[in-house]
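Two complexes are shown next, each including subunit A; its partner changes from subunit B in the first to subunit C in the second.
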Partner chain A sequence: MVTVKINGKEVQVPKNTLILEAAKEAGVSIPTLCHDSRLNPFGACRVCLVEQVGNPKLQAACTTPVTDGMEIITQSDKLSRVRKTAIELLLINHPLDCPVCDKGGECTLQDLTYEVGVTKVRFDAKPNDTPVDHTNPFIERDIDRCVLCGRCVRICDEVVNIQAISFLNRGTDTIIGTSFEQPWNCEYCGQCISVCPVGSLNNRIYLFKNRPWNLDRVQSVCGLCSCGCTVDIDYEGSEVFRIKENPEEGINHGYMCAKGRFGFEFINSIQRETAAQVKAGGEAKKVSFDEAVTVAVEKLKKVKETAGADSVAVVVSPRLTNEEAFLAAKLAKDVIGTQNIFSTETSEILPGATLEEVEQSDCVAVLNIDVTEANPILGLAVRHAARMGEAPLAVFYPSFTALKRVAKKFVTGTPDAVREAMVKYADAVAGASNEYSELAGKLTSAERPVVVFDPYNKADAALAQKISKACAKVKLVPAKSKNNSVGIVDMGCGAKCPTEFSKGLEAGKFKAVLVFGENVSARSVWTKAASKLSGLELLLVTDPFMSETAAQANVYIPVATFAEKDGSFTNLEGRVQTIAKAVDKGVNTDACVASAIAKGMGSALPADVTAVRSMIEKEVALYSGIDWNGGTVSYPYVFAGDIAAEDGMAKGKGKFFLYTASLRLHSGSFTRWSPDLAKVYGSPVLEIGEEDAKELGLANGDKVKVSGEGFSGEYPVEIDKKVTKGCVALPEDFTATAGIFCNGKCVKADIVK
Partner chain B sequence: MMKNIFETIFFTEILQGLGITLKHMFMKPVTYKYPFEATPIQDRFRGVQYIKTTADGRTKCVGCYLCQKVCPSECIHIETDCGPNGERLIRKYELDLSRCIYCGYCEEVCPVDAIHMGWEWNTVAPTRDNYVINMKTLSQNYKDNVEGNWKNKHLKKKLVEGVQQ
Partner chain C sequence: MANDVKETESANKEIDFTACDEICEKYKDWKGATIPVLQQVQEAYGYLFSEIVERIADNLNMSAHQIYGVITFYAQFYTQPRGKYIIRVCRGTACHVQGSGRISEIVNEEFHIRNGETSADLKFTLEEVSCIGACGMAPVIMINNKTYGNLKPEEARKIFRDYAELQG
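On to the complex of A and B.
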């Protein structure tokens, strides 16, 4: 610890603390522009200059570490003159188009200009008039407004590690750009927008839609993938205008992905249903919420009387909040009296590590999952460990992913070859001697090793289990897919195997099915049996949109999305986080539906969040006394039992290996309704390697027929040089592709032009 | 006492009053015969707003929301969006005259010199329907103000005179 004096106030701080942080400790604020506490010190803007007693030169507070006995002055006539000049110099080339700039009102440069009191720039202003760049679908780039603070360049390099942009040219010609002025080749995560202090990088989804002072803000949790990022929802009236990062709060340090940042538009979608529908004699009729519930209850009572409670099934979506999932389970068990509660999730695999543990890990292995696409923030944590912490990273995946830049060893090949490599790696961890022994040795000798795997692929899970058995200190991260994949299992919706539902449907066991938010037709485990849904006595579907399953329903009730309800989600770490209601679109929540049906059946279930939470704390042992605002559930196990060993090899016959591509910028269900995400990736595309495409004579956009055992379909082609020869990839979560992967994550297929 | 008696007998005060009346009969009148005649409008008078247009007829307004923010009676409502070429597009600009208190803050805050307080004051109408005016009307108001094309034709002359003072 060293003692420093800041503006006469003595503080004790650890050695190597920056002056800026020491000042913060002393309660003194120093203006900054290019500084970001998440990034390495840079010192580009010179706004944070401070005086050190005994030193004639001014020091940049954001780059200078303190020394013992240092005396710092942050306010003096000299400093205010210097700061004013620094801002004036920044304003030379900065166009004063604040009225039309989207950043106006929340611009750091604007704030600083007011703070230091610049009313007139003494230098000849020479703003450029370069055309605004609209080549990126999500990011508007106006290089004239740029003040070259380098925050975007640094966050793209240090955090995202994509290095899409950099400084070009030198001196006064310096601009931020891409090599050879090419369009941005990036993940569209928008981290650069979040750090831009001026209006140089703008969110095109929010562009010119509103002004920051008109927006109300509520802190919530993103409802797309299972990372559980803390976000700010900015809304006015009943419309969500943008979803913004919050660097101060949450486990994501203010990082977000393209889905979370740009994919919120489904909330405002005009395609959303507002009225409940009841189908009678094949014709859908719009009815009120109460009428729809009455019809559903009548049918439910009839089925229960004639065929027994066991012929009723409840399907719960991992999109639901913990409270809603609890109510749905309670409705099934206590009110209807059936144990048939299904979801795509099972209680076989539970969370094993936190994101912080991944970040702090000293050896990471990623087994057969494109984690940067499936769970982008988990991907950032893996990158952080591999790059900042320099943990050796081993990745196994059929094609190169964004992790290639930081991976020590990246094993690619056909899915079968990757599978064999992973088996060998797991064997090597267990003690066998083969070509992966050295790599495995790093994992076993590390202090805080982490293994990330796909819990939906049983063969991968079995390997992860084998590794954890051989090396007990390994922390396991099952990369769950949806926002509450973990929570609904805790609420008792994951006790049964998903395949039981499709078997029951095909056998005609179920007469009434209540589907809470799930799109059964688009889930690969159920898609084959989904056609049986339309013949049921009662099919109640609640969904914000008229999904493929909702179209078959005889009672359909539109419900709220995550921005329109209160509740909580449990993320892939097992962290319970509260979500808050931002807007009201005039639709009910799933909790209201469950409560209304229970009331119709003659029992009472509360729909109120506080009441449901106290019930959960009483009835769910894991959640007794839980902190609903960021508390972590302590799970008894990661694997419930031995995962049934599957060989995981590609099934069927055909020339090509067909495996599941991670949905680019999608999480499958909700984001399909966001028009701007759909612009980038709207319908399933077959990814094929360059060599194979040449052999088959294919060009981008050509339609090909894909056929294999039990499936066939036609898809447009996208040539991707990263895809291994002999392999093709298709996304899983579209109705058109769900049928392919019902037998496994990798199959063999033939391709005909 | 004597003076009071003298005044009472000879009605001197009444004569004094009549004298003033007589004097004013030959003076220039200070009142105006509204509605047959209009009061002159001063240059700094604040009437119904207009929004300036450029030479090619496009509005000068950029949709920065500052007038909406500064308006104390919340009578301005703006909606903007991104245009097809990535420009700032004003979807809606509405001004509710029945709420406006003619304080002139909108004129003062406008960074691009678009909205101004005009000289037209006659907003009387039998219904409330036309009190919400949009960008089209506001741009037309600019033209009317420049051309002196006032709502009440018979008052035109005096108004123009007032403005030109």
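On to the complex of A and C.
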């Protein structure tokens, strides 16, 4: 510890603390522009200059570490003049188009100009005047407003590790740009927007739609993937205008991904249904919520009387909140009296590590999952470990992913070859001697090893289990897919195997099915049986949209999205986080639906979050006394039992390996209703390697016929040089592709132009 | 301009990356290898075009954008094709007084190129440089590594024409 004096106030801080942090400790704030505490010190803007007693030179507070006995002065006439000049110099080239700039009102440069009191620029103003760059679908780049603080370049390098933008040229010609002025193509995470202190990088989804001072804000949790990022929802009236990072709160350090930041438009979509529908004689009729519930209850009662409670099934979506999932399960078990509760999730695999543990890990292995696309913030944690902590990172995946740049070892090949490599790696961890022994040795000798895997791929899970059995200190991260994949299982919606539902449907066992928010037709495991849904006595579907499944329903009730309700989600760490209602779109929540049906059936279930939570705390042992604002559930196990060892090899016949592609813009079928995401990726596209495309004579966008055992379809192709020869990839979770992967995540297929 | 280069390169059928790959392989596990790699690749290919930069990026496991940042920072790297003969016209004070401006004009008259430009047949590039340290020979020019001093305008023209007639 060293002692420093800031403006006469003494503070004790650890050695090597920056002056800026020491000042913060002393309760003194120093203006900054280029500084970001998450990034390495840079010192580009000179706004944070301070005086050090006994040193004639001014020091940049954001780059200078304190020394013992240092005396710092942060306010003086000299400093005021210096800071004012620094801002004046920036304003020479910075256009003063604040009235039409999206940043107006929350611009650091604007605030600093006000703070230091620049009323007139003494120099000849020469505002830059270059065209605005719109090559990125989500990020507008107005290079004229740039003050070259370098935060965007640094965050893209130090955190995201994509390095999609860089400083170009030198001296006064310096600009932020791309290689050979190519179109800006990146992961679209928008981290650069979040750190831009001026209006140089703007969110195109929010562009020119509102002014920040008109917006109200609630803190909530993103409702798309399982990372559970804390976000701020900015809204006015009943419209969500943007979803913004919140660096102060939560587990994501203010980082977000493309779908989280730009994919919220489905909330405001005009394609959303507002009225319930009841189908009679094949014709849909708009009815009120109460009427729809009455029809559903009547049918439900009839089925229960004639065919018994066991002929009723309840399907719960992992999009629901914990409270809603609990109510749905309770409705099934206690009110209807059926154990047939299904979801795509199971209780076989539960969370095993936190994101922080991944960040702090000293050796990470990623098994057969494109984690930066599937769970981007978990991907950032892996990158952090691999880059900042220099953790040896081993990745197994059929094609190179964004982790290539930080991985010590990246094993690619056909899915079968990757499978064999992973088996050998797991064997090596268990003590066998083979070519992966050295790599495995790094994992076993590490102090805080982490293995990330795809829990939906049983063969991968079996390998992860084998590794953890051989090396007990390995922390496992099953990368669950949806926002509440973990929570609905905790609430009792994951006890049954998902395939039992499709089997029951096909056997005609179910007469009434209540679907809470799930799009059954688009799920690989169910899609083949989904056609049986339309013949049911009762198919109740709740969904914000008229999904493929909802279109088959005889009772459809539109419901709220995550921005329109209170509740909680449990993320892939097993962390329970509260979500908050921002807007009201005039539709009910799934909780209201469950509660109304229970009432119709003659039982009382509360829909109110507080009441449901106290029920959960009483009835769900894992959640008794849980902190609903960020508490982590202590799970008894990661693997419920031994995962049945599958060989995991590609099934079927064909020349190509076809495996599931992870998409950064979609997690499931929900985000397809966001027009700007759909513009970039709207329908399934077949990824194919350069060589194969050449052999087949394909160009980007050409349509090909893909066929294999039990499926065939036509898709446009996208040529990606990263895709391994002999392999192609298609996304899951689209009705057009769901049927392909019903027997596994990798199959053989033929491709014809 | 950058796009033009790209088009001509891809029109020029397949690019042979062997030399580039060999250079990168040599420096693969070095830290701070970017500049030597770029220098040697430029030596081998004449200039750094977008395909070759992408290739270097892939080989060194870096981002092409970062490498382009390095390329544009240093005056020694070129992203445009360069002529077989680089004509460096000294524009330092002594040469200026001795009429080096006229020599630049003659280059333009002969080959229709200005400072920094390359003739369409890729034979000549004109570079006006600050001082090459041979003020006693003012006005002085260099053509590749050969120096010509005390030039009269018409002598310079003759030298240029001689070079233009050289084969290859």
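In the analysis below, the second predicted complex is superposed on the first by the 752 of 753 C-alpha atoms of A that agree within 3 Å, B and C clash if a C-alpha of one lies under 4 Å from a C-alpha of the other, contacts with A are read in each partner's own complex, and residues count from 1 in each chain.
Here is the rule we use: contacts are C-beta pairs under 8 Å (C-beta built on N, C-alpha and C of every residue); 3 or more make two chains touch, one makes a residue touch a chain.
This one's a predicted model, so the numbers in the text were calculated from it and none came from an experiment.
Engineer: Identify the partner contact of A:Glu181: answer first if only subunit B is touched, second if only subunit C is, both if each is, neither if none is.
Structural biologist: After superposing on A, A:Glu181 lies in contact with subunit C but is clear of subunit B.
Engineer: Answer with first, second, both or neither: which of subunit B and subunit C does A:Lys209 touch in the superposed model?
Structural biologist: first
Engineer: Which partner chains sit in contact with A:Arg405 here, subunit B, subunit C, both or neither? Use first/second/both/neither.
Structural biologist: A:Arg405: touches subunit C, not subunit B.
Engineer: Touch test for A:Glu646: subunit B only (first), subunit C only (second), both, or neither?
Structural biologist: A:Glu646 contacts neither subunit B nor subunit C.
Engineer: I'd like to know which partner A:Pro99 touches here: subunit B for first, subunit C for second, both or neither.
Structural biologist: first
Engineer: For A:Glu10, decide between first (touching subunit B), second (touching subunit C), both and neither.
Structural biologist: Neither partner.
Engineer: Please output the residues of subunit A touching subunit C within their complex, sorted ascending.
Structural biologist: My answer: residues 157, 162-170, 177-182, 404-405.
Engineer: What part of subunit B is in contact with subunit A in the complex they form?
Structural biologist: By the definition above, subunit B touches subunit A via 62-66, 68-69, 80-82, 86, 88-89, 111-112.
Engineer: Per the contact definition, I'd like the list of subunit C residues that touch subunit A in the complex.
Structural biologist: It comes out as residues 2-3, 5-6, 50, 53-54, 61-69, 72-73, 79.
Engineer: In the complex formed with subunit B, which residues of subunit A make contact?
Structural biologist: Going through subunit A, the ones touching subunit B are 98-100, 104, 132, 134, 140, 204, 207-211, 213-214.
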